[in-house]
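What follows is a pair of complexes built around chain A, which joins chain B in one and chain C in the other.
Entry: the complex of A and B
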């Protein structure tokens, strides 16, 4: 099951977390009270040139020194602190959420087209792959992931989510199937620019993971959203595909549809399936992904999971259920349910 | 020269229930090995000639014939088995290499049978192939690893990456290379028609392309083996793809051997060799003495055919298989067929057939893994062959990393073959592995092609159902998806090599 929710303001007008909290809890029927998470863009304006690394420490006193040392090898820690939290009676805290505001030293990735992101990618892979009691859960500029094992309201209150203001929010209400106690398990998953929430379970995890790992990504959490985030990062940042083509590569049209396309389009779609056959995702899923410039939603090509889109003024909503959108925006102007194979792409005004 | 070994115990004993027998003589007519003969109005039996081809049983209208294997016991012994003793008698008498037909008879565990496929239950729903598309369409050939796309000012997208030719298959099952010579023209015709009907391809083997197969040439993969039999530019141009045969699973490291008895006038013309002469292809290609020679051969074949056809290479699965495949992936070859140690053959030295090579399951898994590791997976498609027996084997081979499979023996069995293993004798009673006109005429290409097409169709349906149950709706999503396999009673070392988890994990 799981319930997902995303909202974006096209003119970067800020929304605090209270509305998202309400929207997500409207879908509690889709969750099991064992995981919820939020991600927001635009929350750290005072550190907007730094990569904000949200890290879960098993024990801060034991694990933090190693992470500090690794970060200092690759750049400068401008500031770090415990993420402010407020104990909740229903939440069993088993880690310490911490945040670093970090500036990577671009000269350490010579020749790269995006040296800072390459360093961040390597750092996240390195820290998350090693058994060091530390897990980086988000690593982008001006963005942060807040997640834990519990009901959405408890998780939101634990992180005091209403204190944050962002122009894009994604949220996830988890129906746990494995490791309900792990705080790192629920979505959103984030790697620098990109964040992903998923409702579903891909049947191609093994094929997708083997494909993405051959490009140096390391899937350490075993979650779908991790592999999806890396795939989007590879296709968009490394392979230079526009997001619409990247989505098309991940959830391509059927051959029958391709056969009916005009020649040039047919060739393009065939080439996408040829090149990205191992990246194609199967099985039921609805994915909402965001980076600082956009929010996108797409489903598996059979559309086995729901995706409802709402619009109201400058705001674009994508959610598992209409009720969630109405919980945040009672006066929503339009509600649509795009068919299978029709992605929703919303961009922030330049 | 005489020996003191005398006659061996009977391998098979044929008996006739004389009460049932109506002396119609169909057994006498049908047996091409000379088991039955008339003695006045009575049918006599010479069981020593029997190969267990079942032709007599099949055509006996009264079910009067019975066949028994090993009617005479040896003293049982765990080391000095019947087979070991008989091989020694045979070689003591002849001083020769023992020839054998069909695939390995070594009693080794079959890995496919210890791999279980996955299905969806409640956390993900199965896909119902009756109501939703499940795509088996498979493209074989080189694929780009990334695309160059230009977005023009008017918003149009233009692909500037040039795609190289691929073969399009409606199902990931192809008919493997069995040459005209090793098998009859009617058998080849039957498979060619089946390939056309089912939207797949068949291999010519190394025996050239008979003129009767020209109407099906767009469904043929023409093979170039080390003997270069039947190869000229016209032959290359007729094929949909070209395959360089560098090795064969039944006999890794040695060349092919077609006994002269099978080189009829037509075979001689198609192969471009003298009638009645043994066709012996050398172990290596004499223009490929190292990997760096392979790109030259590939390029010359492509140049000769205008760069319009994919070029495949076939190798036997041996210890350094992954290294071989990675080397080939750099040579310009578009697909690599890997032939496992259980691969079939018309004739191979028994010692090679039963003792050299590695299993196809391991070879495909390690090749796929190595190609991915080296970033070469899109450079070549992988074709698994050598003992693909049923649709589940196809699905498992693909989940281990193959793009498609070749079937050989299974197609012959669909035409009636009983896997008696006497192909090298050239008197196949089913009209398959023979060139004798009276025997060849027994195989009606229309009937046999329907049977082969039925088999491919049935397997295709089964694979569709297996994929649907696993919630997978396109074949590329099954490819290399080893998470959908589990090993049952496989040891840890092998599980690690296959990159498959144990059942329960």
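Entry: the complex of A and C
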């Protein structure tokens, strides 16, 4: 069931985390107290040229040396520290959240069109697959994921998210159904630029995972949002698709709809379905994704999950419920419920 | 003299809110005004009697579920499934509503002035005198009347937009009436178009007039407009799909 929320300011006006905390808490009926998380863009301006790696250590004193050594092989750690936290009575802490500000050495990925991101991708896969007791939960520039197993308010207060200011925020209130309540499990999921929150269950998970793993991505958490994040990264960064085409590949129109399209459009949609058949996602879902330049929302073709969109001035909101938007923006100017196959794409002003 | 009770719902969870509503009815209230509603679910669930409940704000999911008798008037939008398995009474929504409006409704009326989401009227049903009615002023989305088993689903498309496709997917009872022509391609397998007869029009006219009165619309042009009537092609649309005889 899950509740998801996203807000973006087109002019990069900063929002602290208090409004997002309140919005997410409006959807507690959609959660089970076993997972919540936030991700914000623009929170580390003093380190904006570094990749911010948020890492959960089971036991920092034992597991950290291996991560330090791996990172130092591939670049320079400009700074690292424990993420400031504040104990909450209802939150059982079982790991130490840490952050690195890291500059990869681009010369170590010769021939790549995006060497830094290739290195970061490889490092995230490598650490999550092979370093025991360490999990990278976010890895982008000027962005960070804050998540834990608990109710949204406790998770927000634990990380003191009201102390962070971002121009895009995504948040997730998890109703745990499939996997145990580990801290790394809830959304948001992040890989450098892209972050994803999902409400739903992708029934084609196995096929999608096999497809994305054939490109070298390693799915270590077993969550939908991990596969979705990697698929978006592959289609947009590696294959160069515009985001609207990437969404169309992931959640394509039914064949009957394609048959009704004018010829040129029909051929484009057929080509996408043929090329990306194994990336097509089925099952009930609403997904909100973001990178530093945009926030997008889309649903499954049969529209089995809710998606409400609000706009107010430069702010774009996407949420599971209207009440969450109004909790943050009582005077919201428009509320709509876009149909399946109508992605919502909001871009930050250049 | 009518007794009115006002409740402030600001920051109140739905459980204490519904307890306050029930207490107001026990105290003899004829009209209950609930202010500052923001997404509280289950408002008016299982309520009996004939009170009028005014909801000012955004009503949360499953508004008036299992309700039997009262009238709920929402000045704002509603989330998913208002009128879920409602038994009798009336829900009037001045804004729009989410997916699965009138889900499994058994009787009474749900009037929505704006648009509704996907799967409106899913599995509405009827039994003897129990005939639920859902009227939508704006547009409905796809899978309108999915698995519909009874009752009347009327879409007025007042803004000239009707988004629904796959209309009447799995319909095996009841009727869907949509203002204007509906192309055959928008019907799902198992649904078929029928002309709206004079008897049909006489039957829906009082419903249109009641809807128009609730929202201060001019009724007669709507009563006299062209409509498409959609009914089940058979009482067992999937007889050959899921069973073999």
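By our rule, the second predicted complex is superposed on the first by the 345 of 350 C-alpha atoms of A that agree within 3 Å, B and C clash if a C-alpha of one lies under 4 Å from a C-alpha of the other, contacts with A are read in each partner's own complex, and residues count from 1 in each chain.
Assume a contact is a pair of C-beta atoms (placed from the backbone, for glycine too) under 8 Å apart; a residue touches a chain by one contact, two chains touch by 3 or more.
Owing to the predicted nature of the structure, the values given are computational and were not obtained by experimental measurement.
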item	value
Partner chain in contact with A:92 - chain B first, chain C second, else both or neither	neither
Touching partner for A:79 - first (chain B), second (chain C), both, neither	neither
Chain B versus chain C as contact partner of A:203, first or second or both or neither	first
Which of chain B and chain C A:339 touches, first, second, both or neither	second
Of chain B and chain C, the chain that contacts the larger number of chain A residues	B
First (chain B), second (chain C), both or neither touched by A:321	second
Touching partner for A:59 - first (chain B), second (chain C), both, neither	neither
Chain B versus chain C as contact partner of A:306, first or second or both or neither	second
Which superposed partner A:11 touches (first chain B, second chain C, both, neither)	neither
Intersection of the chain A residues that touch chain B with those that touch chain C	302
In the complex with chain B, residue positions of chain A that touch it	177, 200-201, 203-207, 209-211, 214, 239-242, 245, 254-256, 264, 267-268, 270-275, 277-278, 280-284, 301-302, 304
Interface residues, chain A side, partner chain C - complex	26-27, 29, 260, 302-303, 306, 308, 321-324, 326-327, 335, 337, 339-340
Chain A contact footprint on chain C (complex, rising order)	38-39, 41, 58, 60-61, 77, 79-80, 96, 98-99, 115, 117-118, 141-143, 163, 185
Chain B residues within the chain A interface of the complex	120, 123-125, 127, 132-133, 135, 137, 139, 143-147, 149, 151, 157-159, 161, 163, 166, 372-373, 375, 377-378, 470-474, 476-484
